[in-house]
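Chain nomenclature is as follows: A, B, C and D, assigned in order of appearance, with residue numbering initiated at 1 for each chain independently.
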Amino acid sequence: MIDYLQRNQELVLEALGEHVVLALLPVLIGIVVSLPLGYLGVRFPRLYQPMVNVCGILYSIPSLALFVILPVVIGTKVLSPVNIVVALSIYTVALLARTVADGLRSVDRTLTDAATAMGYRRIRRLFGVELPLALPVVLAGLRVATVSNISLVSVGALIGVGGLGALFTRGFQLFYAEPIIVGVLLSVLLAGIADLLIVLVQRALTPWARLSAGRV
Amino acid sequence: MDSSYLFDPEHWDPGAAGSIPQLLLSHLGYSALALLFGTLIALPVGLFIGHTGRGSFLAINAGNAGRSLPTLGLLMLMVTLLGLGLTPVLIALTVLVIPPVLTSTYAGMRSLDASVVDAARGMGMRPSQVLLRVEFPMALPVLMGGFRSAALQVIATATVAAAVGLGGLGRLLIDGLALNDYSRVLAGAVVVAALAIVLDLLLGLIQRSIVSPGLTGRAVRTRRAAPAP
Amino acid sequence: MSRSHSAGATFAAVTALALALTGCGADSDPLDDSGSDGGSSSSIAIGSANFPESELLAEIYAQALEAEGLEVERSFNIGARELYLQALQDGSIDLLPEYNGALLSALTEGGAPEGVSSPDDVYEALQDVLPEGTEVLEQSDAEDKDTLTVTQETADEYGLETIADLVPVADQLVIGAGPEWAERYQGLPGLKEVYGLEFKEFRPLDAGGPLTIGALLDGTIDVGNVFSTDSAIKVNDLVVLEDPEELYLAENILPLIRSEKVDETVTEALNAVSAALTTENLTEYLARIQVDKEDTATVAEAFLSDTGLV
Amino acid sequence: MITFDEVVKVFPGGSAAVDHLSMELPTGKITVFVGPSGCGKTTSLRMINRMITPTSGRVLIDGQDVTAQDEATLRRGIGYVIQHAGLFPHRTVVDNVATVPLLLGSSRREARRAALEVLERVGLPQSFADRYPAQLSGGQQQRVGVARALAADPPVMLMDEPFSAVDPVVRESLQREFLRLQAELGKTIALVTHDIDEAIKLGDVVAVFREGGRLAQFGTPRELLERPADAFVGEFVGRDRGFRSLSFDTADSVPVRPPGDAAEDGAELVLDPAGRPLGWLGPAVGSPATPVPTGGTFSSTDTLRAVTDLAISSPVGIAVRVGPDGAVDGIVRHHDLVDHLASRRGRSGAERTA
């Protein structure tokens, strides 16, 4: 395996780089889109259940199907990495929008009430009080979304854009386990690092959360 | 978007090779086997860890670690190492099932009210009785949640079986892709998503029937709904 | 400094890091497909089908063009012809290695025109059907045909030498090929029309890849679509059935390219590659990938230097 | 002054939560809203800062309709304290307290300085400033809650069951602290409680609510105890209201006798060399070898209730008064006390008819 890595260093690194971008860009897009969506689901409670249902349906579409159908729907080119990014963004949103809504709903009503009574306006209250308090829940969802994205990118290799997935198809066509093992290990490693980073961010952003865990 | 493939009655003839009903059946077959094996492995381990508290690190981290394994890579690796056939597909899908079931079993066991378990022991139940009559039924709602999400994941992922020459609804995706036939790919996506939704509803009904109403709040609701005497 | 302030700073730092991460590997930025947008850039996007030989040829083209100082982008492993031809037409890719007969069949309704079989006939006929805005450069002598292949045992059991010999026994046999064979003229429809063959079952696998070879060897299928240059034929002692009706046309390798990318440098470089390619050396170099598991880029490099092109 | 003018609140699909409420909360005083649960007291409180909008009628602060102002601006000028304090768990104590000054546009530095000052004022040490709420006890959290409401120095404060979530000992000290603060600050305060004792202890004025959101009585605690408007208020205030109303008189008018008069009851008060009481001897306590403790003493600034309690609980039915130095300067026999209470009743009856 080490031998394979040495011989194909450039190729593997390129696949890894592509993998990182294809997996993480959708996470960023997903965050930006799900925050307002999740908020709407809380602000207008009637929207919550339909939102959860739509998210569930989107999440059950097989990734390969989404990768292939998207060009027809959004008019991108067949091989465009945009398809992968959009598809994974859809999954991220499907996961996170609900998480954001649940996170915001989990915030103690008396706290939002207290904030209102102190003269917070809605938007400032959202960013100053509700979102920070929902952060532990939201970040837990973000971990799931990020890790799943990293593992899903490789399916794109079936249509020629798949980061480390290229190592899978390459190894598979040659009936050669080494590149597949390298690809799987790197993908898992990448997911592990991303997960760890989010945990570290969470610890830095929510020092109070660890304290309240001990509170009865 | 062209849905002609999906609505062509020819593709729904259960007798025809490669028809949607046949693919559906094999898809369900792979998924059911993977769920069965995955649960057979993960459930006892989860119950053990939850009951004893030993190895909880494993259970907590199994979820994300499992999610991080790229199923396509695992599948291709298994085919490369073991050759063609059902076994590599089942291994890859089973690996997918284990983490959510393990994690949710553990979480279900850990979420139990310690005083209830204590009371059960105090009444003289043996450890096996505590586990089977108290802990397991009480952990069931959380556990079923994990099983349902595992089922959804497997249904969506079992499509990769087609990438290594097997059947299942992934056939529609892979063949549609090779033939540049979007109508077929769309049919695949729709049928898989519909299957996932129907299955989730079904599992929801099963959950209702096997989880004690005392745990779901339904009993409370019915009582409250009844008119006061 | 307050806690929440420093928390904000952490968040900003992480966001910046994430952005930096996504920005890294700028030369392979997958979102930048401007290079292939209507020829606005000088870079040439090279595609390949999803089997090793196509990838090797694409890599040889790529390195040959790079040696001329041209900029190329690699977009390999796209899929079957149906898919990559669409990619070529929508401008996702500019150039890829093709097989003249298969291309002609794919572009002609109901298969290749009658009476066309020699490499030159095919090349000629191809000129009339190429998609608008594309052209083919000179074709090489190297040929890689679609074949129907069986194991030695199957050949012995049914006495098979040519495709025509399959006719009486086809209803007992399972055939395996890429999914596209179900509808492609050079797949099942052609076999039925030209030879009157109807198999017991068709198993969609891959285009002459490991699934097909594997299924052939373990008996899942009896007849498989294998490429004539595949080392697996030699390694596993497989029997390639002859094609007396010439359903499978000449399959000379040639570059299919978007016209706007054609200039003297490109033409010269690619024609030189075609001139150097032979069925023998292609088979030999492909075996280095398939059997010796050498890296495609290394093998392509070896080919170019061994033939004195680079 | 906060004015309720014919305020009605009907929640959608429900009966009236507040029914034609009219009252005036005096400036600089504590007005307590008290009543059984579901009587509209919290709803009324929350209409002052427009957390709830009246169905009809008006709420005015210093003559200005609260609906005339932007609601967020209005609320920033009104302190708000709730049960369990409602501190933001994600902010440190000092950042919690600095919340409203920051909303009002103070710089971070100014807001934190104001917060530290007010923390000191409510009796929390500087070292608490950088802790998170989860690191404080319930009582400490409640102090921070009060500090947070005071940080921007609002003229009006609303307090919704501020002390009901802490244990009785802590509640007692928080209430004392609160009264001390109010004596310093003189805010106009509306405070909701379901605890009539707390209402009587804290309120300058008490508004008793009854079911259906109607005002049963509005008056001083004394008026409430001595002259309940109707059976509902009488019942709500409790059966020992007569005894509790003794808290409103001091002990200085009680007839005091010299300690020697205890002999009439068969008891002798034993003193130490400094004149402080050691205990009782004599047949009234069964002639023991050592003195039986008095069970406490009072001074002339204590309440009549304290004297009465001492007299009732004393082993000989006699309360002992001490001077500032702790030396005994007189005794009150319970017979005398009963006479005094009877004459007091006559006086307050005369006041009522006047």
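Keep this in mind: contacts are C-beta pairs under 8 Å (C-beta built on N, C-alpha and C of every residue); 3 or more make two chains touch, one makes a residue touch a chain.
Just so we're clear, the structure is a prediction, and the values are computed from it rather than from any experiment.
Among the pairs B-C and A-D, the greater number of C-beta contacts is found at A-D. Distance from each chain's C-alpha mean to the overall C-alpha mean is smallest for A. Centroids built from CA atoms put chain D at 60 Å from chain B. Each chain gets a centre from the mean of its Cα atoms; for chain B and chain C, those two points are 38 Å apart.
With centres taken as mean Cα positions, chain D sits 54 Å from chain A. Between chain A and chain B, the centres computed from C-alpha atoms are 21 Å apart. Residue positions 3-4, 79, 83, 86, 206, 210, 214 of chain C each touch two or more of the other chains. Residue positions 79-80, 164, 174, 177 of chain B each touch two or more of the other chains.
Residue positions of chain D touching 2 or more other chains: 90-91.
By the touch rule above, chain D contacts chain A in their complex via residues 46, 49, 51, 72-78, 80, 82-84, 86, 88-91, 99-100, 103-104, 132-135, 148, 158.
Note for the complex: chain C touches chain A at residues 3-4, 7, 10-11, 14, 18-19, 21-22, 24-25, 28-31, 33, 36, 47, 50-52, 75-79, 83, 86-87, 90-93, 206, 209-210, 214, 289-290, 293, 295, 297-298.
Against chain D, the residues of chain A that register as touching in their complex are 110-111, 113-121, 124, 129, 132-133, 135, 206-209, 211-212, 214-215. Of all the residues in chain A, the ones that touch chain B in their complex are 56-57, 59-66, 68-69, 72-73, 143-144, 147-148, 150-155, 157-159, 164-165, 167-169, 171-172, 175-177, 180-181, 183-184, 187-188, 191-192, 195. On the side of chain B, the complex with chain A involves touching residues 1, 64-65, 67-74, 76-77, 79-81, 152, 155-157, 159-160, 163-164, 169-170, 173-174, 176-177, 182, 185-186, 188-189, 192-193, 196-197, 200.
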